[in-house]
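Note sheet for the following structure.
Letters A, B, C, D and E mark the chains as written, and numbering starts fresh at 1 in each.
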Amino acid sequence: MTVTYTLEVSKARFWGFPKLLARWRGSIYRLMYREMIVFLVAYYLVAFIYRFIFIPETQRDFERLAVYCIEFTSVVPITFVMGFYVSFIVGRWWQQYMCIPWPDRVAMQISAYVQGADERGRLMRRSMARYLNLITVLTFQATSTVIKRRFPTIDHLVDAGIMTEAERAELDVTVTPHGNWWIPASWFSQIAMVARKEGRIHDDLHLKSLIDEMMDFRGLCGTIWSYDWISVPLVYTQVVTIALYSFFVACLFGRQYLYEWPGEKVTKSHDIDFYVPVFTIFQFFFYVGWLKVAESMICPFGEDDDDFDLNWIIDRNIQVSYLAVDQMYRRFPKLTRDVFWD
Amino acid sequence: MTVTYTLEVSKARFWGFPKLLARWRGSIYRLMYREMIVFLVAYYLVAFIYRFIFIPETQRDFERLAVYCIEFTSVVPITFVMGFYVSFIVGRWWQQYMCIPWPDRVAMQISAYVQGADERGRLMRRSMARYLNLITVLTFQATSTVIKRRFPTIDHLVDAGIMTEAERAELDVTVTPHGNWWIPASWFSQIAMVARKEGRIHDDLHLKSLIDEMMDFRGLCGTIWSYDWISVPLVYTQVVTIALYSFFVACLFGRQYLYEWPGEKVTKSHDIDFYVPVFTIFQFFFYVGWLKVAESMICPFGEDDDDFDLNWIIDRNIQVSYLAVDQMYRRFPKLTRDVFWD
Amino acid sequence: MTVTYTLEVSKARFWGFPKLLARWRGSIYRLMYREMIVFLVAYYLVAFIYRFIFIPETQRDFERLAVYCIEFTSVVPITFVMGFYVSFIVGRWWQQYMCIPWPDRVAMQISAYVQGADERGRLMRRSMARYLNLITVLTFQATSTVIKRRFPTIDHLVDAGIMTEAERAELDVTVTPHGNWWIPASWFSQIAMVARKEGRIHDDLHLKSLIDEMMDFRGLCGTIWSYDWISVPLVYTQVVTIALYSFFVACLFGRQYLYEWPGEKVTKSHDIDFYVPVFTIFQFFFYVGWLKVAESMICPFGEDDDDFDLNWIIDRNIQVSYLAVDQMYRRFPKLTRDVFWD
Amino acid sequence: MTVTYTLEVSKARFWGFPKLLARWRGSIYRLMYREMIVFLVAYYLVAFIYRFIFIPETQRDFERLAVYCIEFTSVVPITFVMGFYVSFIVGRWWQQYMCIPWPDRVAMQISAYVQGADERGRLMRRSMARYLNLITVLTFQATSTVIKRRFPTIDHLVDAGIMTEAERAELDVTVTPHGNWWIPASWFSQIAMVARKEGRIHDDLHLKSLIDEMMDFRGLCGTIWSYDWISVPLVYTQVVTIALYSFFVACLFGRQYLYEWPGEKVTKSHDIDFYVPVFTIFQFFFYVGWLKVAESMICPFGEDDDDFDLNWIIDRNIQVSYLAVDQMYRRFPKLTRDVFWD
Amino acid sequence: MTVTYTLEVSKARFWGFPKLLARWRGSIYRLMYREMIVFLVAYYLVAFIYRFIFIPETQRDFERLAVYCIEFTSVVPITFVMGFYVSFIVGRWWQQYMCIPWPDRVAMQISAYVQGADERGRLMRRSMARYLNLITVLTFQATSTVIKRRFPTIDHLVDAGIMTEAERAELDVTVTPHGNWWIPASWFSQIAMVARKEGRIHDDLHLKSLIDEMMDFRGLCGTIWSYDWISVPLVYTQVVTIALYSFFVACLFGRQYLYEWPGEKVTKSHDIDFYVPVFTIFQFFFYVGWLKVAESMICPFGEDDDDFDLNWIIDRNIQVSYLAVDQMYRRFPKLTRDVFWD
């Protein structure tokens, strides 16, 4: 639902970014409080067992394990792999945003090139605009859980007025096992051909222009579908996940407060006894939060706070495209002299 | 207001970059002197309490805490996450600059393709040029605090001559809940259609050319609006902020001068007593300054010294677009032989 | 065969990414269980020899070797080189996906611009569509093991109906030592010229449009061929491979449990005796898994679980392109008023 | 003046890159010998004071300071920030090269589309070509110190024959406070309109083609101007500079040879007494050289050895554009059969 | 000569990448065996002098030097700078491949748009195709050692049939001090103009299309020329080279086996005496190999095993372009019903 905060930090001032830490929607806390709780419960469970249940010999064994774990945590280079992985995910995230098709461009061309204020003209323009939205909705039905829930079936599209019954029938007739979201694009170009023959489109150039624009629009939908089909290779995600979670499993043991045994060399962790492992918690925030960045951006058409608000986009596009092709057809303000007219 | 300094370092010479350290506008000092003051006050407060208020036992506890904090500072890999984060922000910053629409291109085409030196011709050309600027201003009204302050309402646009009363009325009539900044683009293309019908535009190709250019112009505004709507995911910013600030909280304790206790192994920090933690200050400059780079670039349409000077851009665009479509219409120097003419 | 899992993690929730660890297809386990087995067998073999076969002096020598190896593992910076290498491979992987040509765009233009419902018109449209698919198949025959196995020879293409006998004969006549996958593109444009002369294409603009689109399509195939011809420089792959495998050879010795000899300074590895080198296994998962990411993506047209499903793509393209140019020619739903009609 | 050396290392052979170390023009030595001298003088000054002027107590204090400085040098992560910073600068450097406008493309179109071998035809073609160069020169006058020195004023342009007196007068008449480098672009399109009306340009398509190409040309100049106006944010450059120079200030003290005091734990630096701090010098070469990479590339239109040779570019462009539009107009070799003619 | 191996690793399987280590052509071994030999000879020379020539006091001095060198090797961060440098070179390498112009696209358009099966028609089409190849060859003559050796002078081009005598004479007549590789592009467009006037090209649109495509082709050649002219800044290459070679000079001393002196703290290197410095050799492979990646890719038009095979490309382009514009002119298979015809 898109957390927008840029304007709040439009001026780099004292207390700029830290101020953002107080937000809840789309925040790191909201994304990871469950993981944090699980981690802390496990941490204290281990602490309890070590301190109150183990006999001294077992405690000594545990301490050796703890030291071993500390060494491990310094060896796994999760920072680096996460840096590259998150960069990659963030890149895809923005590319996917840039693939969301907006019908404004095609709609304005429909309004400019498909002439005729009569009913047939209006029908053509409105149908063409609707097909653009129909392609979008059919695409997102397959790639976004949000839109899938809003329009679970084709029937819902007919009910919502995005499709007419005639179109639904035609769609059912066109049998293809390989996805039919692109079929309204074909209708669009066929209608454009008819409009050209009827002289409503005055020039072959304008016909071509309409078809090219629609093709670009359709291409964006195809790209969205591709981003959905071709996920980030599973093995990459698994490598990062294993690295991170094995790190924190090691922390469960390695970051425990260990007893000081008289006459023995004090290991690093013996220095001070905190009941709350403050810095381990910060590290957890930091690393798991970083992975959550990736997790919330890997599918930007979902339901995370930070995901693109597809419902709004679809509503906006339907409303705006009808407005552009119909109400605003041949309307513009009276030409008057501006204030700088000499 | 855009700090330009490239020409000063156009030659890599001795004392090139260091010379830049003496600047104040847009400088690191100006961006972070407040944070620095707060940090130093806190640092000396901790030092004061440790040295003069704590009893020896508490001092020993404090020293254990300090050693623990030093370890933490070496464990949090803020360098890496900040490197990737700042790279990402810097990338967006330049992409946003590249999205600022300049009307020169469309204006020159209007001047070339929309013929007629009579009043109606001039009206058309000037209106089309004005609509370009109007789209820009409406976009920045929503995305830039600077422009919002300059033109808080639509009325201010009318007063400033960017809109006429007729246009304002027409805009009010066109009801849409989803933003109306793009509506002048529709007027533009409708006027172009009329000009084509009146024969002022001689060819369908030129009509298409005008509409295509205007669409690209409008598309840039849409992208600016997108950069504003889709912020950098909040969780990413929070991760970086938490990492950095927890690092310096740890420094408050870990970088204190600690007493040497007789007969005890000297820890690293015991070596020398500086009243000013010189290198911690440098580190602070370095890390917080790095984050301030991100903070000042995350919203490049704001009021930071380094932000793009939108007021100048808008003034320039209005002046230049009128110049191109009106004063310079059909004007060019007399063709004369150049000096290389054989 | 393309492992798709984005929708499963569309919402960043507790247990999101870890859930993905339970998959087998396309997983890190499937890719590297053989390497893991070999590594573990070697590890235990070394352990067995050290503990039960070596005499104490040899054991002491072995221990020196082990310590030496540990140092080595901390010196080779495989993390960094792998980060850059994998980034580069992942970049190429997605670029290659984006080069897969989809005929939808050209097919719809064929349907719009090549007129005539008679047999010759249909023949032309169907032939042009078939040539698009033919270029694709000829390209992938040379660059993908999957398609090579499906269509080992030109005969198989004729059998599968992607080529006619006449086309096959013509292809045999056109002798060139430098690859003939692009020849159907030439046929395409020659047919388009004929259609223009016969008046089936109404305008030179539409002819140009068809040829341009087909050229773009052909260009994508050329790029795919380039990605195959110009591999990632061998030396880069070798550097990464040597770094990784020398690292794990060193681990074979350096990560062994070493005896504690009385009266001697305890080395790091003496602390605890694990029969299973847990963390070394995790490291192995992590590093070798990371390289496997590169290995499974370096040739995305192969048979890995994560590779693009070319068979499906080709089937889909053939079916869809015939559908678009033939069945859907001049078909579109009856224009009716939509629900928002005022 | 552009140091070209690629062909010398066209074959990766023994002694390939090291051979390049022997160059002086554009070399690291030339860029930083002054910094090196200053650093060494300071280094020996400190050494002299420490050894011969300080009394033992002060020497002990100095040694504590030195140890403290060594720690600092290992804490400041300049490597990382410089890696990202230099990457960013190098990226901009190449983008700026790619923005240099070459008139060849427009000139050949002028030659092809603007017909007429009479004087007026030649005048038009030559004027249009000259305007392209004029835009370029006006742009670089504002953004390059080299061109500014060559043509300090508009008068110099008239003298050099890049402008005629008539054009100069017209430019003076067109008053604008916001830069007038783009005005010749307007003249270009107005002349093109006139040529179209006179029938010298046969088709509206060719007119559009000329104007589009010229617009792209003008756009590149605008981008160059943007790169000049919008510098790399000052704060980023300052952060890197502070990091680097504070590092070497710390080295001045930390890398001194320190006396060994009897009965004291030998610190690292006590081991060996070099009169020349060889490795510190190498480090200096390395880090300062790395920053000098950025410094010499941040303004690629300057006077560094590695900067683009704008004078040559402008001379070449003027000569080549006249050649293309005038001498080569309607000239091409007699068509003869080639050797492969069957 | 282009080492292609992608298909061999098309399936990520056991023993995938390691299998590639057995190759010689284009391999790391071939690129660096000379450096390796020099390094090992120097290493054993130093070892010999230290062990058999030095007296004990000198040996102790040498050992101090060795320890000092070890410290240095851990301080120079060559990993990082090489990561960024190699990334940059690899990026340029692929961009240069993408700039290689392939004439297929223009040739097919010549075949489609330039009509006439008579000799003059054929002459025109063949000449236009030849000029494309001529531009390419003239470009690579200046930028590639391979092509320079194949065609050392213009005469060789005439002999090879890439140029006719008439063209050679015309080229000699056109005097320009600034490179004349682009002149055939001008001939191309002038011939196209003539063909348009003679009616061989039916439409201004097709004329424009041909000229635009040819311009893009010429632009690619210009970019190749730019990559040659504007090398990677010398100072960047020098920084990396100095870092790497100073590292290995330090290794020559620091990685020597040092004697253990009784009663002294054992330094790290005392542990084990290897006669072969195994891991130093691996490090050498790794780091020098990494630099060799850059060295073999910095000039991809050279003679390295991994360089693009320009001779093949030129032969292929000449053959294919004649085929497309001449033999295949107006040829396409008889239109027959395909197997899916209903």
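Note that in this section a residue touches a chain if its C-beta (ideal position, glycine included) is under 8 Å from a C-beta of that chain, and two chains touch if they have at least 3 such contacts.
Worth saying up front: this structure is predicted, and the values here are computed from it rather than measured.
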Set of chains adjacent to subunit A and to subunit C: none
Path length in the contact graph (subunit B to subunit C, fewest steps): 2
Rounded Å distance, subunit D centre to subunit E centre (Cα mean): 24
Mean-CA-position distance for subunit D and subunit C (Å): 39
Shared interface positions of subunit A, touching two or more other chains: 31, 80, 83, 87, 205, 292, 296
Touch-based graph of the chains, sorted into line, ring, star, complete or other: ring
Going round from subunit B, first to subunit D: chain order: B, D, E, C, A
List of subunit D residues in touch with subunit B within their complex: 31, 34-35, 38, 61, 64-65, 67-69, 71-72, 75-77, 80-81, 83-84, 87-88, 120, 123-124, 126-127, 130, 143-145, 161, 164-167, 169-170, 174, 176-179, 182-183, 185-187, 189-194, 204-205, 207-208, 211-212, 215, 218-219, 222, 226-243, 245-246, 250, 291-292, 295-296, 298-299, 301-304, 322
Complex interface listing, subunit D residues touching subunit E: 2-7, 9-14, 16-18, 20-21, 23, 26-28, 31, 79-80, 83, 86-87, 90, 93-94, 97, 102, 104-105, 108-109, 111-112, 202-203, 205-206, 209, 268, 271-272, 274, 279, 282-283, 285-286, 289-290, 292-293, 296-297, 305-306, 308, 315-316, 319-320, 323-324, 327-341
